[in-house]
Amino acid sequence: MITPAAIVAAASSAALVILGLALILTVWRVVAGPTLPDRILALDMLTGISIGLIAVIAVKTGFSLYIDIAISLGLVGFLATVAFARFVLSRGNFKSPAPPAKAGAKRRHAGGKK
Amino acid sequence: MADVTALTFLALCLPFAGALAAPFVIRIFGANGAWLLAIAPLLAFLHFLRFVPAITGGEVVAGGYAWVPSYNLSFSWFLDGLSLAFALLITGIGTLIVLYAGGYLKGHKDQGRFFSFIFLFMGAMLGIVVSDSFLMLFIFWELTSITSFLLIGFDHERAAARRAALQALLVTGGGGLCLLAGLLLLWNISGVTEMSQLMRFGDAVRQSPIYLTALILVLAGAFTKSAQFPFHFWLPNAMEAPTPVSAYLHSATMVKAGVYLLMRLNPVMGATPAWEILLPFFGGLTLVVGTALAIRQTDLKLKLAYTTVSSLGLLVMLIGFGSEHAVEAAAIYLVAHSLFKGALFMVAGIIDHETGTRDITRLAGLGRAMPLTWVIALAAALSMAGLPPFFGFLAKEEIYTALIGGDVRALTFTAVTVFGNALMFAVAFAVALKPFLGRPVETPIHPHEAPVLLWLGPAVLAALGLLAAIFSSFTHAVLSSPISAAIRQTPADIDVSLALHPGVPLALSALTVLLGIGIYWQLARVRAAMAIFLIAAGRGPDHGFDLAISGLVRFAGRLMRILQPGRLQIYIACTFLSVAAILIIPPVVYGELPHPPAWPADVGLYEWAVLLIAAVGLAAVLVARDRLTAIVSLGIQGFAVAMIFLLFGAPDLAFTQFMVETLSVVILALVITRLRLSPDDQRPLGRSLFDAALALACGLGLTLLLLRATQAPFNDALTVFFNAYSKSIAHGANVVNVIIVDFRGTDTLGEIAVVAVAGLAILALIRIRAGTERKLAANDPALETEG
Amino acid sequence: MNTLIFRTVAPFLTALMLLFSVFVLLRGHNEPGGGFIGGLIAASGLAIYGIARGVAAVRRALFFHPLSIAGFGLLLSTLAGLLSILLAVPFMTGLWVYPKLFGLEVPLSSVLLFDVGVYLVVLGAITSIALTLEEKEVE
Amino acid sequence: MIAFLFNLLLAIAWVTVTGSASLHNLVFGFLLGALALFIIREPFGGNGYLRRAGLVLSLAALFLKELTLSAWRVTLTVLSPDMKLKPGIFAFPLTVTSDFEITLLANLITLTPGTLSVDVATDRRTLYVHALDCSDPEASKRDIANGFERKIMEAFR
Amino acid sequence: MAAPTTVDLSAALITAPVPIGHWLAILPVAHCITLGAVLLMLRAYPRLQAWLAISGLAVLALIDAALLGKVVAEGPLTMVMGRWLPPFGIAFTVDLFGALMAFTSALVALAAGIYALADIGESGRRYGFFPLLMLLMAGVSGAFLTGDVFNLYVWFEVLLISSFGLIILGSERQQIDGALKYAVLNLIATTLFLIGVGILYAVFGTLNMADIASKARDLRATAPLMTLASLFLLAFAMKAAAFPVNFWLPAAYHTPRIVVSALFAGLLTKVGIYALIRVLVMLLPIERAELSPLIALAAAATILVGALGALAENDIRRLFGYVVIAGIGNMLAGVALGGTGGGISGAVFYALHSMVLMTALYLTAGEIARRGGGFLLSALGGLYRQSGGFTALSLVLFLAACGLPPFSGFWPKVILVKASLDLDAWWLAAVILGGGFLTTIAFGRLFLLVYWRPAPAAGVPSPAVWRTGLPLAALTALVVGFGILPEQLLALSQSAAAGLADPRAYLHSVFPGGAR
Amino acid sequence: MIDYILAAIVAVLLIAGALFALSAAIGLVRLPDLYTRMHAASKVGTVGSGLLLLAAGLYSQELAVLARAIAGFVFLLLTAPVSAHLLARAAHLCGYALGAVSVRDDMRKR
Amino acid sequence: MEPLLAILVGLFFAAAIYLMLSKFTIRIMLGIAILGNSVNLLLFTSGRLTREVPPIIPANLESLPAGAANPLPQALILTAIVISFSFLAFLLVLTYRAYQDLGTDDTSEMHAAEPDDRPLPPLGY
């Protein structure tokens, strides 16, 4: 007789494997790029899948406390993407930017401007 | 005897007290303060004088205080004939020197400091000769080096003075370090720390396997201090010092410290083949080289300095012989030399002071202007030349008596000594006659007779040179015999007097005189003949000193350029090379590699996936072409680690890891935002291969270590405890958190201190700009807004 | 990052995160969480607020300089440890009292005080770092 | 008003999240929420009202339906072998005006099938939307205007 | 190593009231953190901050003095944290070694704090000099007093991050460069230490030092333990700036404000040496003995590199940095020689002497710059003419640094040379003496060039300021005092060393009921 | 019986959520450009994770846990569109062009 | 399971070191971040591993049943994570400042503190 626990266990194991696969695909996108926003997007996605993975582990182990980790992960994942987005914004899409002006000139600039 | 102990301690302290008082006394009384200051050494002199009856009676006076009980060291002194004689010379001549310096440096802006240094030196020298404890002796020994450094460099605005001071410090101080090692070896061999105790261990020392090492080390100390060839060069250079210093340190006292040490150690280390070869050899060599160099000089003080070198050589040679007559001769010569050389130096100082030059070729006819000085000079020179009725004559007689013997060695040394003494004779008259005779010449300063403060000292010394010879039996009883007795540790009774006894010694004396007159007569030719040899011996070591110092600095500079190239990359590489060595070598050397682990069969697919992701994440960072990609890829391995924590029952860790990993990347991104990085940061192939090999070696080593460490059974007592009582006593179900805030809360206290400081440090790092302080009120948000 | 959407959403997110952070702090003793993680979440929330609405807004909101908050937290934690000197028990001994508030037993402890200190330190320091970095931003 | 409601919402969230539905806990949650709101008090200038909860709920229902549909469609798209796509960005003229409404609309658009809000123009009159299928942008604009935008205006005005 | 399944609670929970005197063990740390926290909140009030900090440092010195007195009188003192008996909780165990180091460090910090009044300006104070100093002292005190290995790691990090904060105050270009090298290399060092702690835990299952010490004595030197000991050796040698991992010191020590350099020179490397001695001598004595040839080699190389480096430097701060390194070499030599021959007591004495001396030397460098207008040998001169008193003070310190009598540097050198000779390590004795000689050359040249040589340019003589003069004079007085009357300190170092070599009293203090 | 129903629902949610996540990942890999990939990530990812959270919440059979799971889901709903918006906007502003298959870009005109 | 983790620790360690051997500060910082993870994993492994059961005492029990993960290394790692995060943050900002002041992120061009042309001291007296 298949118990409810066994059903859930089987489903969670399957889900884990599927999510593992998803993770690997996502990681591939992080590595492959090709552009910076692509990688950032993939990283964001990695966070999302991790949230799911944590939820599945919560089911598999029966420790519902893992859910809180998933929640906070959602929050900080967002933060990471925000930071990266602003990073993209400030960097632009330039492959070889000009090297920085040496010391003095640069400093004066930074001090005065808002 | 308790009060004697205390009084002697006070007598030792007197010069140091004088050193402290001198600047104030001089500031108040001017040069006349010298009279006041002279009281200090005079009191000490009188104190030591009180011991004369006891010591001549064969007693030894000892005393001291506990000092470093944990190393069995005490602040202890003892007085026998040798140390008493030295103590009397030091304090007696010291008194005269103080007076002389009062006149010599009258009005000098640093006269107070000068007196301080002189007194410090006096105290140190006194310390050397009365010390019983090895370490005390050594301390005072080095203190004389230091104070002589200060004195030689007194005229510090001249580069030559600075150079001479450093040279003296390094030669004598460096020798001192050898002496320290030698003394510590003697301590090791004998187990005692005091000279008076050591005397009983003479045989043990001489038979010890490390005797020769200890001897060489001690000799290195004594020879450098007493300016034996080839360490003689510092002494003439030390003539950069004001003349009172030359008269005191470089004739009467400091340079005799080496001689004193050899005399002191004669009963312990003497009478061995090594002793009897090394000392006479170097002593004889020094005698010849010193006198030969003296001939060549035209500077009065330099001439005297080189004769001092040779006199010291003579003394060392005599100590090396060790026979009864030799030691007696050394004792007499020691006293005689102190008297006449001190006087002559002071005379040279007077001439310099009164005429403005010491160049013998520019001096003549001073006899008329400075009759008293001339008389003093003649008296001292006669003693130095070894002519009756002066004390030097007695010394010379006894020296020749000691040297008489049938064998080749004795003959050689006799010849050397006669030659040396003849040269000294010539020098003595060059100093005492040449400046005073003839038609007066123009000198920088118009010559006058010296004031009393200047002539008093040399007059007393010269007079003593005469009196000591006339009352020779008294002199011997009080000084020479006790010295000799102390050196040989057998009672001595010296009877040489002014009475002429026909015999070989007298003949040798006559020969010396004749030879000396001849040399004086033909001084110019002798000089020329010796020129070549002299340049080599005189300038060689001295020039070598400069080369050694600058060479050393250059070498060090080059070495440091290699060792400290200023490249972080090299520093890190060296560090990890060390890490690799430490991780790999011990298991290989001890042959204890971990057991090969079994294939992990129970690892689930998703677990493999997480491990794989970790590895891929690492690879992604490593292979990332540009740094931006690397940064974004960094997130992967961080997430993988968090997942591993999650999979192995560490939700708190996973929680924290997720948060921290994200925040790290956020900060990285915020920082990178500001950077305009050049795209090319790949390393060349060779470099990357090396780096990879090093990195893999470290990784492999750590894996091996961890495998080995975790294969042993685990002691989980702590964990069992925490698990059992976390809830019942510490009221927390989350054991990890209970550990963090309770069981090991102190860790967390430190941890949050780190966090707070990091915040502060980053604020400072961003806000403080070199040069331009940003006017941001730290605690006022209104002022702290951007712009 | 002056976008209308982000500016509008950020306050809600920040409020939620602050709330969540206190929740995580308070239950840390019994379940995953605690002062450190709580502090991090709160700081993240404030960082989002700062990115969306500017550093000045966060500084105005906080009243105190974040580092002063961190200093206060550090003080609180140390005092929580030193409290035990009054009872002649060792440094950092967990002290528990259970006062009744509206009929409900509230467990208060030096341990909780300590964790609140941790929370404040992390909140203050990380916020300070974020604001300092953000402030320099030229946009 | 919105502030108060949001505060209450936070308090309720607190109660559910802590899992203890006592009055004390609610009050505590309310206080905490108040504190949190106090921190971010600026945006709550006092304008805007939540008029009809029912309308909000109906909006939520519509949203959930659309979300599920959206996920499904994208799934089908990415799994289809040839992936016939005509993506592009079109400009959607906004009728809603308040920050809150614009934001809500933009987010809902993102979460629904085939569309993704990229940016709001600085004059707040235009929303730029990326669509997976941009072959007929006018139809898409109509859908949005008659769907979410209208619902939002009903619920929040 | 059998794992007990239950733990007797009575053996793990302290029930008796803790005597107030025991609080002395934790008080230095708690005091520093409290004050650091308060100062952090008072950043806007630089004046108040400064005076609070200095009176706080004075109080710290008093606390440490009382602690030292108690330890001298009663033997090692253990204070558990949070009622949990060791090895379960963290215990602060203060033996003579730790108490001596803590007390000396407090004196040094007090001197530096007073000097900072003159050296640290408005922005330095606003951006946290004094809170950083207090927290640095928390780290230093914690490191000296804790009896737990992981806790030691934590205090190491506290002092390290505080030192980061201090080193960048001023933000000059070379400061940033130096700080980067300093930070990266030191971080590697603490990481290696942490790896060591992890392995230690894997092997022994405990983190309490006394527990480890008693367990390690039962084990022979096996590969993991040897690797472990080498790892600790490397980590602490890096901290202490021993060759060949000394790079960070010459790269960084000359860059910050002079009072910061002084603090670093006095405290940081000594904490490394402290940990090295604590771990290798007390915890892993068998392994130390096995490693001693390696340590001796490193010591000799460190001495020579330090002394030669000092010769090659034109910047006096860098010169002093190399002198610090040479001193570390001497202490390492003591560790290599071990407890029986007096090596450890030599190292302990040397460490105490060096804390005072190196701080004083850097303060002197600051004073030289203040009076002479710079740090470069090539540009300085005329200081002797300017002030005889300062020259005398400097000369005393220089001689002490050369190990010449009658100053405090002399005694440890004698002990170490004697210990080397006792153990027939004549070459090590030669290196120690030779290193001293090279240092003498360096300092002799320094004195000639900076003090005696006439000033290259006519400078404006700077009058003495009590804020700089007082701490310098006080530290010099210590150097002279310990040189002339060394007995007290020698005896203390000897018994500290004895307590390390035979830690029975330490163990008893931690486990009064005997080994569990 | 209720156990079986719950288990079945949980199982379905788990599998569905995981599959959604997988399809999002596939989309991330297969779709032609950044902007199209964003559709996959922001929608499918959110739904996938949401379903999984829901499954966990249901499985615990505790109201508080379920509430938190739903709260987590709401967090995701709140953040996902914003982050997509920010990233897309930033990318577009910085000149990351739409993929070659794209037919229209109104944003470039402004 | 420990052997697998031990190997992973080695991999992390090696990767960190490879990165830290780079000339460029940003890569060094990445290395430091990974180094921290490697040490955390090492600490984790050194306390031996247990699957999935967190050290949290269930509501109905007074003490933690056997089979749960070892909490002590977890607590240590927590402390270590926090500390290494603080250091990383500082170092990152320092990197930024170094770039700003020294004009490069290439450490081989950073020698403000130890310039290549630093002169020898005067060779005379």
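Letters A, B, C, D, E, F and G name the chains as they come in the text, with residue numbers starting at 1 for each one.
Throughout what follows, contacts are C-beta pairs under 8 Å (C-beta built on N, C-alpha and C of every residue); 3 or more make two chains touch, one makes a residue touch a chain.
In this text, all values refer to a predicted model and were calculated from it rather than measured experimentally.
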Q) Chains in contact with subunit D and with subunit F: which ones? A) C
(Q) Count the C-beta contact pairs for C-D and for E-G, then tell me which is higher. (A) E-G
Q: Would you identify the chain whose C-alpha centroid lies closest to the centroid of all protein C-alpha atoms displayed?
A: E
Q. Which chain maximises the distance between its CA centroid and that of subunit A?
A. B
**Q.** Identity of the chain that, by mean CA position, is farthest from subunit C
**A.** B
**Q.** Geometric centre distance via CA averages, subunit F-subunit A, whole Å
**A.** 12
Q | Approximate Å spacing (C-alpha centroids) for the pair subunit A, subunit D | A | 23
Q.
Could you work out how far the Cα centre of subunit E sits from that of subunit F, in whole Å?
A. 56
Q) So how far apart, in whole Å, are subunit D and subunit E when each is placed at the average of its C-alpha atoms? A) 61
Q. So which stretches of subunit D touch two or more other chains?
A. 13, 17-18, 106-107, 117, 119
Q) By residue number and range, which residues of subunit B touch two or more other chains? A) 159, 162-163, 166, 549, 553, 557, 564, 566, 568, 572, 579, 647, 651-652, 655-656, 659-660, 662-663, 666-667, 670-675, 677, 701-702, 706, 709-710, 714, 716, 718, 722, 724-725, 733-734, 736, 740, 742-749, 751, 753-758, 760-763, 765-767, 769-770, 774, 778-779, 786
Q. In subunit E, which residues are in touch with two or more of the other chains?
A. 33, 36-37, 40, 43, 81-82, 131, 150, 154, 157, 161, 164, 168, 171, 173, 175, 180-181, 184, 188, 195, 199, 202, 250-251, 311-313, 445, 448, 453
Q: So, with touch as defined above, which chain pairs make the list?
A: A-B, A-C, A-F, A-G, B-C, B-E, B-G, C-D, C-E, C-F, C-G, D-F, E-G
Q. Contact residues on subunit D for subunit F in the complex?
A. 13, 16-20, 67-68, 70-71, 74-75, 77-79, 83, 85-91, 106-114, 116-119, 121, 128, 130, 132, 134-135, 137
Q) Along subunit F, where are the residues that touch subunit C in the complex? A) 75, 78-79, 82, 85-86, 89
Q. Okay, in this complex, where on subunit C does subunit G touch?
A. 30-32, 36, 125, 129, 133
Q: Could you please specify the touching residues of subunit B with respect to subunit A in the complex?
A: 604-606, 608-610, 612-613, 616-617, 619-620, 628-629, 632-633, 635-636, 639, 642-643, 646-647, 651, 654-655, 658-659, 662-663, 665-666, 669-670, 672-673, 675-679, 769, 772, 774, 786-787
Q) Given the complex with subunit B, which residues does subunit G contribute to the contact? A) 1-24, 26-30, 33-34, 37-38, 40-42, 44-59, 61-64, 68-72, 74-79, 81-83, 85-90, 92-97, 99-101, 105-108, 110-111, 113-116, 120-121, 123-125
